[in-house]
Every structure is written in structure tokens, then in C-alpha cells.
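What follows is subunit A paired twice: with subunit B in the first complex and subunit C in the second.
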Partner chain A sequence: MKVTVKYFGLVAEAAEKSEEVMELKGQLTASELKTQCLNGLSIVDKDSVQIAVNQNLDDKTTLKDGDEVALLPPFAGG
Partner chain B sequence: MDKKKPKKVFVQGAIPPEKIANSVANHQSKTNIGAHSIFLGQIRADEVDGKTVTAIDYTAYEEMAEKVFHEIREAAFSKFDITCAHIYHSLGKVQVGELCLFVFTSSAHRKIAIAATNFFVEEIKAKAPVFGKEIFEDETHQWKVNK
Partner chain C sequence: MSRYDRQIKLKEVGPEGQEKLRNAKVLIVGVGGLGCPAAMYLVGAGVGTIGLMDHDRVDKSNLHRQILFQELDIGKPKAIVAKERLEKQNSDVQFEVYEEPLTIANAEKIIKQYDMVLDGTDNFETKYLINDSCLLADKPWVFASIYKNEGQLSVFNYKDGPTYRCVFPKSTRENISCETTGVLGVLPGILGSLQAAEVLKIILGAGEVLSGKLKLINMMRGSEQTIKINKRPEEVDKIRKEGIAPVYIDCDLKNAEHWYLDVREVFEQPKPKGKKVLNIPLSDLTLRYQEIPNNQKVFVFCQSGKRSKNAIEILKNEFGFHNLKNVEGGIETIIDG
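What follows is the complex of A and B.
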């Protein structure tokens, strides 16, 4: 199955990309995908990166084909 | 109704000060309003390790942010007896001294408007997926984190 992963802010900077389509094999939770995506990136505080699945913050859900997953660094609005 | 319709929050670049005056002018015909409350966020020239911030470059997960802004609006209208509420947030580069956030609520009475504005500002800072790159005078940068 395929999911779209979006990167923002310092995560996009570290990953040197803003979006990619990933082919996943087997069942994976959002949190497991986050670990996989952040692995090897130079981000000091990986725990501060939140995950949104289809625009809702959620790291527990098991991903489905076509999901949009976003890796969100700490918010800085305002 | 004015309060139910999803509204565009993001504006490209700084929010011009004229927008604040125009917004006030646009509400003078609504005579059930007795109080407006306004919050304006301005880019501060913070100093970090001897370097000074000259601008913040804002990006956002726009689709999610618009959804979050809408949810905050819905929550504000159910929590506070406000007549209307408008929020604007910058995207892209905003120089120090310029405005990046404009929250404008109106009510019959001041306490409600002031509390509602405060609610909007705190919710936006905590929940909206907006990211800020603080740019220093030497073109280096660091990523802003809300406290």
C-alpha cells in the first residue's frame, strides 16, 4: 500500500524534501512510520515531532492505503 | 451566517496596519456591538548568541491549519457570546516590526470580547500547524518554537 508523507519546517529541512509517496509492506502504525522516516535525520529532539494522519494528530492509528501522513515539528504560529 | 462560514485565514506576507482600521470601519454598521478586542502579533528582533532576528519566514500545513482555525472558531462561538470573530495569519517572510497575527473579536460587552481574543490567540499558538524560520542578519536561521 502507498501513503503520502509530508514534511514541514525543520523536518523538511533535515529530510531535504517536503513530500514523498512511500510504499509500505505490512501493517505499520503512524508512530512506527515516523521512527522510520526520522531515522538518520539530524534532528535534536525527535520526540517533539508530532504526526498527523489525514490532518488529525494521531500516532496510534494503523495506516491504510492512501493515507496522508504529516511530520510536524513544534508549532510556532503567532 | 457570518460565524459558520469557513474563512480564509492565511495572508501572504505581513498584515498591513490598514487592514486593522478597515476591519474596525467594517463593523460600525453592526450596532449591537459594544466592544471590539484586538490582538496584534508583531515580529520581534530577538537576539540569540549575539545575532539579531531580522524576519520570520512562516510556512504551514495549510489544509490542516485551515481546519484547526475553523475548529477554534466553532469552539469560541460556543464558549463566548461574541458577535463576530476574524483571524488572519501571515505566510512567507515577515520583517521585524511587521504584523504576523491579527485577531479581532466583537461582542456586546468588553469582558467577553477580551476573553474570546485571548482564547483565540492561545489556541492558535498551541494547535495550528504553523512553522517559523527566524532569519538572522547574516542569513543563518533557527526554528522558532512557541512557549
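What follows is the complex of A and C.
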């Protein structure tokens, strides 16, 4: 099963990429995929990063083949 | 011919829409990178009353993006300079100036006097304060935020729609502003203009307001995406029930036995816990320097190490302190976690 993960803001920076296609084994929720993607990245507040699946804010969905997951940190600049 | 002729020609505006604009009251919180262009377009469109709120002064490093300000304005209060400049742009518009930060004490009272809020702030604390106050006062607010080359945009609390807490339930420590990360002036220009567009759509009742959606823009990649957001009723109910509480984000110091002087504004986060931490904002130092111990080492910090360096200069040169040590890398280098 393949999903596309899109990174934004400081998550993209920490991951050093803005997008990747990931091969997943077994069932995974969006929230579990987030934990996996952020693991090892230097992000102080991982809880603040929100998840969208197919352009819907949602962390509970179990992912399926072809899903697009976005990891969205909050921004504060102005 | 009316100065508004070119917009009255649009079917979405017309003479009736122009009257709606004239009767509208919009509060702009933060007259910076977002607030400047937004204010100019709202004033141009003939929005009748505009509140300009900013407690900051114009700095040389603001000029590349805060397009209301000129070189001769450096050092002057932003809200006042903005008003003087905007009055020349359109004498039809009434201005209210607030040379103070938005606080728990003044937020609801001020926001109640307006139809909506345009968020031009650069920190999470004020964004949550705007959100919660607008929820309690039943007003929509137009949000935008920037991180380097990216922007986020949405309209919150519009016709009982989702709020900022429905996207980001809790405030965060990763409070990174344009001051520290850098930004091209045109990005807040784009976002601030889009905010002005949302304000005009709300006033005119025209088009589709960006409520229940979070727009993400990446200027460098030229890409855009819109995420659908739903209401989290538990977040909204909590604020309705408990009111506005100060968002203090605690953190622990690595060496709590030292004395510390925090020269950041009181709303800046996170706040280190400890009996030996003094919080005296840079602007209050000359009034409150006597509170600082002068017989033992005191570590002075701010967000990045710049303001604390200035603070030490002042305390050393004007008040003879010789026991102060600057925390070069700012708060993040002295806290745990």
C-alpha cells in the first residue's frame, strides 16, 4: 500500500523534503503514520502538528492505498 | 463620479454593497507585514471604521515588508504612523487607534465594538486570545500566519463555523516569528491582501467565505492547497463555559539554581518555572532595574539573545550592573525538553 505524505512549514524543513511516497505494511491510522514520520525529527512540539487525509483534517482514519496525508504544523509569523 | 466607481460596477458590490462597506467596522490587530497591506486595501475600498491596534514601534528591519512605513517613521509608534498615512489615503474612513497590546483585560471589550477582526499578529498567544474573544463576542475573524515561504489562511467563527482551536486545539512552544526565520516582504503582502478580500466578502455577503477551510500557500513552489476543517464542539464548548484563561506554557530550566532575568514581553512563551526567574520586559527595565540582584550572577535571556544583549548594555551603562551574563541562543538553550 502506498500513500503520499506532504510536509509543511518546519516539518518540511526538519524532514528536508516537502513530499514523499511511502510504502506501508499493514493497517495504520493517520495518527500512527504521523508518529512514524516525525520520529527522529527535531520538532519540539510534535502534538501541535495536525494531520489531514485527502484534504480533510482527521487523525483517526485508517489509511488506504493512494491516500494523501498532510502534516501541518501551526505557523505564527506575521 | 464616486471614488468607488470601479468597484460599484461589480455586481457583488453595487451602491448597496458600498453602503455596507461604509457601515462596516473592522479591527486590525497587529499593523505589521499582514496588517499594512490589509489596511491599505480596506481603506481603499471605503470600509467605514477601522481600528488599528499595535503596541510596537517602527524598526528599520520592518520596512521591507510593512509597506505603510517609511524611513522617517523609524522609532515611531506603528498604530499612529499607520493612521496618519491611511487618513491621507481616504478621508471617508474613521480610525480608532490602540497603542497597546491585545490582552485578556481589554480584548472582549474592544472586539465587541467591531463587526470582525483581521489578525495581523505574529504570536500564538494573541491568536488564541483573538480566537477565544471572538467566540465569546460572537464575531468572525480572518486569520493568517506565515512561516518562511509558506502561509496559512482561514476565516474562523464565521456563522458558527469552526474556530482556530478546531484546527490547532492547543498553543505551542514553537513560537517562531518572521524576526527569527526571515521572510520575503511579498509573502505577508499576499496573505494580508487575501485577508482583506475575505473581510470584503464577509461585509458584502458575496462569494464563498473561507470558513471551514484552511488554505495553505507555498510562495516558492507556487503551490496552493485547501484543507477542509470541521468543528470540534468540545473545544468551542470549553471556551464558552470556562471563558478565556491565560495560556501559560510552562517549561523547566536546566539549571534552576541560577538567577534569571527574562526581558521578553509578558505574553511571550514558554515561561520557565522557578523562584529565581524575574520577568521584566525590556521596555520596563529603566523603571524596575532595582528588582534585579546585583551581587550574584544573573543570566539574562529573551527569545533569541538579541534583546537580552541590549538589556545588558542598558543595565551596565546606565545602572552599573556587572553581574549579568547574556544567554546567547535565547530561551530554548536554557530549558529542558
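We take it that the second predicted complex is superposed on the first by the 74 of 78 C-alpha atoms of A that agree within 3 Å, B and C clash if a C-alpha of one lies under 4 Å from a C-alpha of the other, contacts with A are read in each partner's own complex, and residues count from 1 in each chain.
The rule is simple: contacts are C-beta pairs under 8 Å (C-beta built on N, C-alpha and C of every residue); 3 or more make two chains touch, one makes a residue touch a chain.
For clarity, every value in this text was computed on a predicted model and none was experimentally measured.
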| request: Kindly classify A:Pro74 by the partners it touches after superposition: subunit B alone (first), subunit C alone (second), both, or neither? | output: both
| request: Name the contact category of A:Ile43: first (subunit B only), second (subunit C only), both, or neither. | output: second
| Dominant toucher of subunit A (residue count), subunit B or subunit C | C
| said: By the touch definition at the top of the document, which applies to A:Phe8: first (subunit B), second (subunit C), both, or neither? | reply: both
| field | Contacts on subunit A seen with subunit B and repeated with subunit C across the two complexes | value | 6, 8-10, 48, 52, 55, 70, 72-78
| remark: Within their complex, subunit B touches subunit A through residues 41, 58-61, 63-65, 67, 89, 100-101, 121, 124-133, 143-146
| If you look only at subunit A, which of its residues touch subunit B in the complex? | 6, 8-10, 48, 52, 55, 70, 72-78
| message | Give the list of subunit C residues in touch with subunit A in this complex. | response | 30, 32-35, 119-124, 127, 144-148, 150-152, 167-168, 170, 172-178, 181, 183, 188, 214, 216, 218, 221, 225-230, 332, 337
| request: Quick one: which bits of subunit A touch subunit C in the complex? Just the residue numbers, please. | output: 6, 8-10, 13, 18, 43-45, 47-48, 50, 52, 55-57, 70, 72-78
